[in-house]
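Handing you a structure now.
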Amino acid sequence: MSGQLDDAGKLKHLLTLEGMPRSVLEALLKRADALATHAHGGNGMRGVLHGKAVCTLFFEASTRTRCSFSLAAQRLGADLLNFDASTASTTKGETDVDTLKTLEAMGVHGFIVRHKMDGAVAALARAALPGTVLINAGDGRSNHPTQGLLDMLTLQQAKGPDFSAMKVLIVGDVKHSRVARSDLHALHALRTGEVRVCGPASLLPGGDTLRGCMVGDDLDAMLDGVDAVMMLRLQRERMVEGLITSLEDYHRDFGLTKARLQHAAPDAIVMHPGPMNRGIEITDDVADGPQSRVLQQVANGVAVRMAVLETLLG
Amino acid sequence: MSGQLDDAGKLKHLLTLEGMPRSVLEALLKRADALATHAHGGNGMRGVLHGKAVCTLFFEASTRTRCSFSLAAQRLGADLLNFDASTASTTKGETDVDTLKTLEAMGVHGFIVRHKMDGAVAALARAALPGTVLINAGDGRSNHPTQGLLDMLTLQQAKGPDFSAMKVLIVGDVKHSRVARSDLHALHALRTGEVRVCGPASLLPGGDTLRGCMVGDDLDAMLDGVDAVMMLRLQRERMVEGLITSLEDYHRDFGLTKARLQHAAPDAIVMHPGPMNRGIEITDDVADGPQSRVLQQVANGVAVRMAVLETLLG
Amino acid sequence: MSGQLDDAGKLKHLLTLEGMPRSVLEALLKRADALATHAHGGNGMRGVLHGKAVCTLFFEASTRTRCSFSLAAQRLGADLLNFDASTASTTKGETDVDTLKTLEAMGVHGFIVRHKMDGAVAALARAALPGTVLINAGDGRSNHPTQGLLDMLTLQQAKGPDFSAMKVLIVGDVKHSRVARSDLHALHALRTGEVRVCGPASLLPGGDTLRGCMVGDDLDAMLDGVDAVMMLRLQRERMVEGLITSLEDYHRDFGLTKARLQHAAPDAIVMHPGPMNRGIEITDDVADGPQSRVLQQVANGVAVRMAVLETLLG
């Protein structure tokens, strides 16, 4: 399958949430939840990765995700190396695998990898030595498993552990979103009661991606009674590509406003993976309003990444 | 006012030296002076910020200042994050405040912020959570408070603690200099005996900036009997902008040479915030001569930043 | 001479392997060999550089070398500063010496310097304070001493400590290679039995560089019976410069293939400093074959750099 589980069913890499056994997923969430209260400054975890070297190997730039992993690794006491592969010897024609094997030979134990290409992180995991750990920090449109985990943790903290009672709506450019895919993988694994997806047809994926989801393009209708709304970032290049007519039209049809949010359950929470395009997919009063969990998602991100690093490398 | 003092008059951010109570300023200088002797290698301070996360958040690049703060933070045992906001998600349209709030949610306790725009750091401080600390590492033309502090420390180490007995001359492009403004704020707060400013009219600021200063454009005359000369860096773009006629003319009129320095008091010290344009605002024999305190300023910079971090976050 | 030895013959900088006393070189290799088994995760060495600040000062980018030194410095417990001088205040017209002196004044004890220009690191060493340590991480075409050391360590681990019994062949663009020069310095200092050099005439250096070497352009003949082959990276710009006719021709004449390797001794090892141009100077089956020591070289690099840092700064 994905190659992230060993023969005993134990996680050896984190590549995808697709097909992840529910027990593995729940164990990560449980540990992350416990760490969430300690994430911001506790020193008791400094020994967990002491003497282990962790490298952020980013073939595509992402400062936020790199920072979140860096803080998580530092709190666990790891040695930390930042390898910005978009400006490094990879531009000298070195293959990605040679870059990985070189850092591995230097004694790096864990790699946090971001890549533009779908499947690139899994391919690197196949090339790694036994004992080397790869964590997918986003590949192509396919996976962003730690984002999926932090979103589930945020849902669970707000709504309790029973996902079967939840109605969750994802809104926006699902087609190009690795965040959405990892969220869908996790929501299905946790047997969420109802998963809805809303966006313009041009930004919804074909194939199996939306299997089991209620799909539509009428945001007011889709919001009806949901417990959580997960807004996706709209990449501005979608307009250049002709996939949306204008930012104004997109905002009118798929932007979450305070008025619109009233269609959801009264205690519905609003999520966004960031960075937000304020005024496009989300308005200020929603982003900064009482139902927003955007900053809690960020905080949970560090806890989730600590849990993942500890589980895989500790 | 500036919002950097709490109701009890205690410093909660360091945004500006303008209007800073003399007692607060002197306490920082006293602590920095004590640390100056330990700054280069002592390990006794590692516990001060242990478990605290500090982020250099630079919306404008500055390697020297970032390095100085990084060393200070490491010596105090902080976790350190470098966020180069000129190449990060801010370019994806994220607001500066969202960038700050995101890092804050990750558990960053202290931010060292450099920004091109006047007032930008104070604006971020207003958006921060209670308990979050902002340190201005330079904003626009307005403030560079740690540079002001390190300059005062350097003056004091050379001339003793009584500023009322000192004559200090600032030379150059005061108009565009945040260093000069922070120096002026501090010199006034410490009630310096005589503050002189010399430069071409095109590079001197209007308004209140030079209030209380003796101002002139005859460098030889202005140097007469001063105890310290603070040279400013001349940005080469001032020529392109037509504010100076040529680098040669500028050097002839406002460059500090060994011959010219003889107009100052025999034991006068020479300062420069760096990086120096050798041969333009300062000649080699002055920059490297016995009266130069340029490298001592750099050393004091680490001590001052340790004192500031300790005071605000310790 | 090089200025890297003090009056008592003790190493105070590492600038070059040229003229390095054999005893000094062997002591470094011995220590690196001992560390090689501990390089990947041991924590016993954290105290060696505790409280010492080490700065990678790279006037020319090199991610691999910077990472290797960074890991070595972290394992010894040093504070670490990365100063990317290709994007920093050096572009504001600051001299290299002022950059060094500034960082020195901040309390940096050791500098790991990479520079485009021959002799630039030695020049900086002459400007440094007594007690400051400079380590050459590659200057121009002249020196890359830690690469030379790690190559010697790799040879010794495979072939035993007696270099007089070894036949070693260097293949490729020796003319532009600092790696080749440092290897030649070390091989001579260790009195290697036979040193051969093979490459197109346009890529072989004149002068004394190849003194004492057997030189030729027939790779099959030069491979005959050698114990080790050190392949050099071919910079693609050599074609643009007209120094080689085409990559295809170069590969045909000077590329190491599995068939060709059979001319060497049956237990010959293959080395490459990386990053490799697979399919040009080396084929996949050789790079990844049982005789390849490419990844062991990388691993030895960390051990050698720990030994150098410990010897000079510990």
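Note that the chains are named A, B and C in the order they appear, and that numbering of residues resets to 1 at the start of each chain.
In this section, a contact is a pair of C-beta atoms (placed from the backbone, for glycine too) under 8 Å apart; a residue touches a chain by one contact, two chains touch by 3 or more.
No experiment lies behind these values; they were computed from the predicted model shown.
Student: Treating touching as the only link between chains, describe the layout with one word: line, ring, star, complete or other.
Tutor: Topology of the interface graph: complete, with all chain pairs in contact.
Student: Since chain B and chain C share one sequence, what rotation angle in degrees maps the C-alpha trace of one onto the other, as a multiple of 5?
Tutor: 120
Student: Between chain A and chain B, two touching copies, which fits better, same or different residues at the interface, with half of the numbers shared as the threshold?
Tutor: Different; most numbers are used by only one of chain A and chain B.
Student: Calculate how many whole Å lie between the centre of chain A and the centre of chain B, each centre taken as the average of the chain's C-alpha atoms.
Tutor: 41
Student: Name the residues of chain C that each touch 2 or more other chains.
Tutor: Touching at least two other chains: none.
Student: Per the contact definition, I'd like the list of chain A residues that touch chain C in the complex.
Tutor: Residue positions touching the partner: 50-53, 55, 79, 81, 83-84, 87-89, 92-95, 98-99, 101-109.
Student: Once bound in the complex, which stretches of chain A touch chain B?
Tutor: 39-43, 61-64, 67-68, 70-71, 74-75, 236, 274-278, 295-296, 298-299, 301-302
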